[in-house]
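The same chain A turns up in both complexes below, where it pairs with chain B and then with chain C.
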Partner chain A sequence: MKTYFYIAKLRMQTMLAYRVEIFTYMIMQCLMMVAIGFFWIAAYGDNEVSHNVTVDSMMTYNVIATLMNSMYYMGVEDRIADSVKSGSIATDMIKPVSLFGMYLAEDIGNLIICFFRSTIPLLAVGALIFGIPAPASPKHFVLFLSSFVLGYGINWTFSAIFAMISFTAINLGPAFSVKYHFVNMLSGSIIPIWFFPQWLQTTVNCLPFVYMFQAPLSIYIGKYSINESLNALAIQAIWFVALTLLLIFAQRRATKRVLVQGG
Partner chain B sequence: MKKLKHYCSVAMLSARLSIQSCIEYPIAFIGWLISNPIQFLVGFATIKFVVMEFDTIAGWDFKELAFLYGVSILSHGLSVIFFTKTWYMGWTIIHGEMDRLRLRPMNTLFQFLVGELNFVGFTDLIPGIILFVYGCISVDFKWTLYNTVAMICTIIGATLLRGAMYLGLGSITFWSKSPMNISGFLQELFNRTNMYPLSMYPRAVQFVFSFILPFSWICFYPASEFLGKDSLIKLPFGMAFITLALGIVMFMIACRIFSAGFKQYESAGS
Partner chain C sequence: MPVIEVKHLVKQFKTVKKEKGLKGSIKGLFKPEKKIVTAVNDISFSIEKGEIVGYIGPNGAGKSTTVKMMSGILAPTSGEILINGVSPAKDRKSVVRQLGVVFGQRTQLYWDLRLGESFELLRRIYAVDDATFNSNMKMMDDILGINSIIDTPVRQLSLGQRMRGDLAAAMLHSPDVLFLDEPTIGLDVDAKHAIRHFIKEINSTRKTTVILTTHDLGDIQELCKRLIIINNGVIIEDGSLDELVDRIAPFRQLIVDFYSPQHIEHPKAAIDKIEGARTVYRFEKSQITAAELIDDIGKQAKIKDIRLEEASIDDIIRIAYNEKSEHRA
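What follows is the complex of A and B.
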């Protein structure tokens, strides 16, 4: 465990070196949050409520979605793709720690830095422009926190599994791009899927993407009652376990491949 | 004159090389051909869904929004062909790739931009053209002489504006020495600020996106003039020419930033 703490600490120090990068990224996210927020205000127009969600809740949804986005920094994706390409995966593998444990520790390090450098400033700006994004109730907030953790887990394992494709394919650009746009659109991080037509909603509900963003957010703004929230949490847990098992399986297979290649 | 001819021949040659190298990896190209249109399909679908729910956005109906989106995506497709290299500038600089360009007896920026034309960008351009044609048909765009000239100016200006922003921001790496990969985010920001009418924002935000970060000149202002819509700035005509002028000016500034950065460029060691 101590090793992983150390890895996370190292990663935090590295991240601190990229001050300009984090700051620029934060400004971009900030502009995006403002753009989307005012888009909702304009779209709602005179309508007070749409799909049982008021304008104010929608603002909260948008701000919290931005905050979550700033913390969902999935470094694992590029990390695997790059190290397979450059061959440094071999040195990663001979280290006496679990490969994915190490990557997760690095991403937790990223998350901590992003929390202080991006999330808190974004929250301040969001609160100034759109009002304080308060949760529906303290109970909802507690449920949201656990839902957020599970959402992070789903997102991380999904990214890791996805990046494993790089063990077999060389040019991953198109695949990453498709994944990025799918996660962006089908997770409800920009537009909640309750605006989609019914058939699409049914389809999207069977995919893991909604459980990365929309489920925690729906809990936060109180679109889900306590019972519904618990339901969503259960489904999230199932997805998380399923994806973790898949990751372990994929890692075993990929490790064998690498051994063959490396020689 | 001879110099110009030389530059042209180099450009032609590099275009041919880029097409050849693209044909070398047909599967990757097909991959992009499938994956790139998806993002615009998704973007287009979200406009549709939101409009289905709320009818209009700031007085723009679906057809007009489709037109706006079409113009924006067309210029995006063009910018991908010519400026993709600038997205990875941070990486190029950090890894010392610029050394290679520096050693050649030619203008560095020219080599950098033209030397590696991105043929894969056509996979972005194709959906751009389709959406543009769809948008023009749906708003019944009149191809009079003035409109045609204005449209061409808009598209050239918009492409340059996008390119200038990528190049300018990418050049920061010369000083910061840390590879920044914000191009994806920048693209999304461009698309998002031009996907919906700017007039839906409060005045302060409109001001920011018009004068401080001139994103809205990419296509919102020209498109709103074509459609006769209200916007923050009222002009009898000529929004398209402002876009072109702004594009050229911004691009020149970006070139300056690049040259200034390049002058104090230190190779990445070894």
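What follows is the complex of A and C.
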């Protein structure tokens, strides 16, 4: 366990070595958040409420969604793809540690840095322009935190499974960005699914994506009652367990066929 | 019991055949033509504790593939590898715990962080206790001068310094077996010397078993008591360098300069050529020693100068690579 803490710590140190990147990300995220915020104000127009969500709640949704998006940094994708492509996966495999444990530890390191990098600027800018993004109630906030953790788990296992394609296919090319936009659209991270036509909502609700973003966010803004929130948490837990099992299964198969490139 | 046992090891790769032109690329997209390449073809050997073995062969011979299978990175297609009795394909984690591995062409160090951070991580990964860690670090400093570079970020190290760092990293947990895949590639004379010294030192003080792949003849001559030569995925030679030399080039040349042109024959040596006062003799080591030959010739004419020549390691290795591949073709 000490090992994995240290891996997370090293990952944080590595990220801090690139200061310019940190500031660029910060500015980019603030811009995105503000742009989407003004879009919602324009879209609501004279309406105070749409789909049982007030403009103010929608602003909160937007700020928290941006914050979550920055913390859901799935380094595992590039990590696997790069190390398979360059062959450096060999140096990971000569260590007596679990590969995916190591990747998860690195992403926890990323998460912590992203939290400190993004929380203050995003909340400050968000509060200044759109009002304080407060949770619906303290109970909702606690439920949101658990839902966020499960959402992270779903997102991470999904990304890891997806990235594992590179064990056999090697060059994934633009597949990651296709996946990124797919998840963005279908998870409610930008536009909540409730604005979609009914048939699409039904389909999307059967997929894991809404449980990455929209479920925790709906809890936060109080669109879900306490009971509905607990219900959402249960479905999240099921998805998380299912994806974890799939990851373990896929990992057993994939490491047998791992290809190491170059000399 | 041998430290490493390799039995009938085979590794095949499936590769997609790329056809030329746009038409070929499009065809490859829908109906890729698969080809099976055998990188390692039924090799067996065993290595005892404390040996330094040179595992050599031309580029693409299957050296690195074998090393990768022995260190649990690649799974063999068939055959078996046992390291201290455990198979790396079945129990990677417990096997790599006893291994140190260095790949000359890539590093296991954290690129953006100071060298010491990588050591600290490895210390935790292998659960090295303080006393062992400190004594190992001291040894690494004595032989490799690690302390002078320990605070430098790895990306700022020269190749030679980085290789020292990688060697130290591989030895921190005092492994029984050290795999070195081209450890001196691209290094200058000084760095090569330091690394060879290091390998000899850990081999003699700790009885670490070392398997070394290399193209550097200096490495082979200085370090390897035993050579395993592989080409086209099969072992073509397994023995000491001396045995190899005796088999491939049993002849030596004795170049004798007299004061005046001579024609002195000897029953156990042939005359290769005579150039004025210089006569070149060719003799077999098993037949006569150089001293005896010089003695016999010296009795018949006064010798001004002598030089003894042996086939160079370079030539011998080249001949060894070629002779067996010709058989196969």
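Heads up, the rule we're going with is that the second predicted complex is superposed on the first by the 258 of 263 C-alpha atoms of A that agree within 3 Å, B and C clash if a C-alpha of one lies under 4 Å from a C-alpha of the other, contacts with A are read in each partner's own complex, and residues count from 1 in each chain.
FYI, a residue touches a chain if its C-beta (ideal position, glycine included) is under 8 Å from a C-beta of that chain, and two chains touch if they have at least 3 such contacts.
Predicted model, so just to flag it, every value in this text is computed and none were measured.
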Request  = Identify the partner contact of A:L10: answer first if only chain B is touched, second if only chain C is, both if each is, neither if none is.
outcome  = second
Ask   = Looking at chain A, does chain C or chain B touch more of its residues?
value = B
Query = After superposition on the shared chain, which partner residues are touched by A:E21: those of chain B (first), chain C (second), both, or neither?
reply = first
Ask   = Thinking of the overlay built on chain A, is A:I190 touched by chain B (first), by chain C (second), by both, or by neither?
value = first
Query = Is A:Y180 in contact with chain B, with chain C, with both, or with neither (first, second, both, neither)?
reply = first
Message = Let me test your reading of the model: by the given contact rule, A:I235 touches which partner, first (chain B), second (chain C), both or neither?
response = neither
Request  = Considering only touches as defined above, state whether A:I36 meets chain B (first), chain C (second), both or neither.
outcome  = first
Request  = Would you sort A:L123 into first (chain B), second (chain C), both or neither based on which partner it touches?
outcome  = neither
Inquiry  = Taking the superposition on A as described, I'd like to know which of chain B and chain C A:M71 touches: first, second, both or neither.
reply    = neither
Inquiry  = If I apply the document's touch criterion, which positions on chain A are contacted by chain B in one structure and by chain C in the other?
reply    = 17-18
Remark   = Listed in rising order, chain A residues that touch chain C in their complex are 2-3, 6-7, 10, 13-14, 17-18, 86-91, 93-98, 256-260, 262-263
Key: For the chain B and chain A complex, residues of the former touching the latter   = 25, 27-28, 31-32, 34-36, 38-39, 42, 46, 49-50, 52-54, 57-58, 169, 172, 176, 178-180, 182, 184-186, 188-189, 192-193, 196, 200-202, 205, 213
Remark   = Listed in rising order, the residues of chain A that touch chain B in the complex are 17-18, 20-21, 24-25, 28-29, 31-32, 34-36, 38-39, 41-45, 47, 50, 171, 173-175, 177-178, 180-182, 184-185, 190-191, 195-197
Note = Given the complex, residues on chain C that touch chain A span 13, 64, 68, 71-75, 92-94, 96-97, 99, 101, 103, 105-108, 110, 112-113, 117, 120-122, 124-126, 153, 181-182
